[in-house]
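What follows is a set of structures for review.
Okay, so chain A shows up in both of these, paired with chain B first and chain C after.
And now, the complex of A and B:
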């Protein structure tokens, strides 16, 4: 007698590798983080992990550096995301124009998105170096600034530089998603609106924007989550400095866990981030009414 | 009251010359159909009239007003697109009223005018729906409503019925004609369906490869095609076109003399055209007929099409009563109604005038 699997069993079999990977690399770390957030864990004493209840959370919430990092994280995330969305939509509209050679630009656009962050961050540190960087050199010789700007060594400029890097690297993501959506809008709609007498601005407001709304909701949620969690760009560009002026929650958690050897506290701030993002995403999706249209149909 | 005058209008897309110095006058208040095969430039001409494309050369006037150069919004036209192009994120009421909204019409007046149009089109109950919640026929009405609400000088319609099923299309043909009679707005209607052109229009404009080949009433283009293209394009089943000769003023086909005189000055080589309805079956050997053998028999409802091969690869189709029987390879003959014979000059393709007291044919059933 031959051994036979039902369709259902075959289906499960096909899903198994993915399920295992998800369990191993996603579920388990999250469970482990939640567990760690309730114990005191010094990596130098792995055998000693006493349960401390909510102590780690209390520590975090009473730590002024946590709140500073939180405020900075809001600025970092908010400004980056809004700038990316606005510039991304603008660029997508430009690249949507049927001009000769536009495809070359569409291709080039992917460049920042493909280059590894380490390479970008190191390059940017050179470019923005106050003494020998080319940015200061160019601005000085063009007469736009009269003295060298300390791009990375004053708090405000360091945050601005980090945001600039993030916007530069991830705007292409927004452009690609928005451009894909733009290309699905039938051109006859614009013809109809022109016959109805609508000018370019009205056509954008009444036809383009409403159709981009759903995809923009998705883009903003994803960009918010990814930017809020971002660690390596800030760490590589400014190390969180000068001082702690470019800390966000990811750097704060890293700092507690690795530099101060308080794994429990690091895990607790990670869990807090998770909760914040979950709540924020749900709220945003509720507000923009994403997916509601389809259900109504 | 707006007539449309188009003078030497050309349009090229790159090296592709789509319209070639086209002349056309559309009289005020008429329903005019642009009819022609796919790719002949009908949509392009309509878009030029609408202002959605810029002409390469030539001019367009609405009445006294020269409009090429004006944006579409300033031409006071309305257009119905093949795909309807309803704004998907707006409800039906806003779709219809959008043109008024853009022009700053007050909300109360807008609502009233949208309501009036919706009542005429019987879509009042749909006003709150989004386009994707409508059937094809309902969408078509909304698109029509959007065009009607602004009281435009000219209606432009690009195959507005081609997305509907046959039954709905027949019903909408009647309605569109009815609306035109009620509103009396100059209408330019694009189609490649000759039934639509024949049943709805005051005037038919037959186009091919970017030029106008004939302008006339449906009766005229059917009964007196000006050239070979129109003769072959209009009418189903298509007109028989066979080579003929002018032998001393007498027309012969494959050496068989026909009771038809060639007009004065006709060339020696001719093309003879005759509709299958005007061909009847005869016994071989009867005078004035062309002998041959039955090549194919097709039943089309109450009628039967009999294709008779009168020479190798040369066939003439006769449309006869279904009761007429014929078997393949029977030896038969065809008789061509002399009054319904069209003669063309094969060099220019133009129809030769036949003055000998001919009657005009009837339009297709």
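And now, the complex of A and C:
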């Protein structure tokens, strides 16, 4: 006789792998990270893990490098996010125009999103190479600069290069989301405004912007949270350097755990990042009413 | 729109497209130059002499036997790294997609307690940066005696791919009409038959979109590979190619050739599946 499952059993059975996976790959690492943040853990002596209370957190909060990383993370996040939002909205508006061949542009402009970060970092290091990089060459021959710029080895320029990389890679995210929203704005609104004699600027200010406000808020929150926590984009380009001038919290946590072998301190800074992230997520939920019944349907 | 305005739009879009494409065009140009031309100043925009030397070194360098004790150059491992990246990306995607598809179906077709928490868990999961997951996962792998294995990397990538696969499949199944299934159930089909023969084929576009995202994310990862893996021949591509910076002399030809070779699989996926990809973006399934 064939074994037959009731409807109810199928429902439960299908959920089991997820419950297991969430427990193993989401809950467990976070619980473990929190536990690690309260012990002293040197991976070379894994059996010796004394409980140290809040020592790791105190260490982090008293470490000038943590605060330097935090300040730099704010610059990195603020400039990147504003630039991405501004350029992204501008491009989305252009890509929304009913012009021939616009689909080809749409496709090409999404491209950076799929380029591996390592590839971009390698390309950036080559493009912005101080001695023989093409960027210096082009700027020199255009007369914009009079001598070679050491893009990746002066603090401000390294941060600027990293931000440029970030904007290059993630502006498509803003473009896609904004473009999708633009396409849902009823054209009648514009027709009515035109009849009433509103010019292009008026129409943008009074129709487009208010319609985009909600989605823009969401995009900015998302980009802020993700950019704040980025690791690879900076680490692969500058290793946090020159010196520590491009560290952010993710690099700080990585450095403590990997280079200094202070797993506990690394975990404590991770938990601090997590707390900041939760605050940001709550803000996101407040802004969008995400998950409420009327929207989930 | 007036012709002048249209011309302006094209001009701006053209300029932006140039900025978007230039780094990769420059990588291709560099990868095709002979070594001495790469280091010339002023740089030549288009190679004066085209050579596949750098590609040959990456793809067939492993076959060249090096003198014992001379040390194997990192480029000899390129093919190994490539294969590793394919294995771990496909492996973790298979796990994430299977788990996510089953759960998303169950979530949209059955009612049970705690159901409403799932989207929150998914969104939280994909907001959490890898740097928080990576060390606890690494220590777990050490405890399980798994570090430096491709399996550990596959499991690590599930951490970063599962939440948004779940999110996307969940969004997708909400849009798949339930009526056809109900009709089949009324006709006496079992739930499993319905799932295999009706639901899975209908869900295929969603599964494809989620798979592409998952492949892109795991192919791109650097952090997990950097922390989990040690042996040169077991690294994923992303970690491996950074070893090209190890020596005192940086071979930009090799670098740019590996850039190109790493991007090609993603570009193929991207071009092939662009429609699905855009659909997925629309559903909010973006990790970045």
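Assume the second predicted complex is superposed on the first by the 271 of 297 C-alpha atoms of A that agree within 3 Å, B and C clash if a C-alpha of one lies under 4 Å from a C-alpha of the other, contacts with A are read in each partner's own complex, and residues count from 1 in each chain.
Please note the rule applied: contacts are C-beta pairs under 8 Å (C-beta built on N, C-alpha and C of every residue); 3 or more make two chains touch, one makes a residue touch a chain.
Note that the structure is predicted; figures quoted are calculated from it, not measured.
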Fit or clash - chain C, chain B, common chain A: fit
Partner chain(s) touched by A:210 [first = chain B, second = chain C, both, neither]: first
Which of chain B and chain C A:186 touches, first, second, both or neither: first
Chain B versus chain C as contact partner of A:194, first or second or both or neither: first
Which of chain B and chain C A:202 touches, first, second, both or neither: first
Chain B versus chain C as contact partner of A:141, first or second or both or neither: second
If touched residues of chain A are counted for chain B and for chain C, the larger one: C
Chain A-centred angle between chain C and chain B, computed on Cα centres after superposition, in steps of 10 °: 90
Distance of closest approach, chain C and chain B, by C-alpha atoms in Å: 10
On chain A, the residue positions that both chain B and chain C contact, one per complex: 297
Residues of chain B defined as touching chain A within the complex: 47, 50-52, 71-74, 77-79, 81, 83, 85-90, 98-99, 102-103, 132-133, 146, 150
Residue ranges of chain C in contact with chain A within the complex: 1, 6, 9-10, 12-13, 16-17, 19-21, 23-24, 26-27, 30, 39-43, 95, 98-100, 102-103, 105-107, 109-110, 112, 116, 119-121, 123-125, 127-133, 135-137, 139-140, 142, 155, 158-159, 162-163, 166, 174, 190-192, 195, 216, 219-220, 222-223, 227, 237-238, 241-242, 252, 255-256, 258-259, 262-263, 266-267, 269-270, 274, 277-278, 281-282, 286, 288
Touching residues (chain side chain A, partner chain B) in the complex: 186, 188-189, 191-199, 202, 206-207, 210-211, 297
Footprint of chain C on chain A - complex, ascending: 4-5, 7-8, 10-12, 14-15, 17-18, 21-22, 25-26, 28-30, 32-33, 36, 43, 46, 91, 94-95, 97-99, 105, 107-120, 122-124, 126-127, 129, 131-132, 134, 137, 141, 168-170, 173, 176-177, 180, 225-226, 229-232, 235-236, 250, 253-254, 257-258, 263, 266-267, 270-271, 273-274, 277, 280-281, 290-291, 296-297
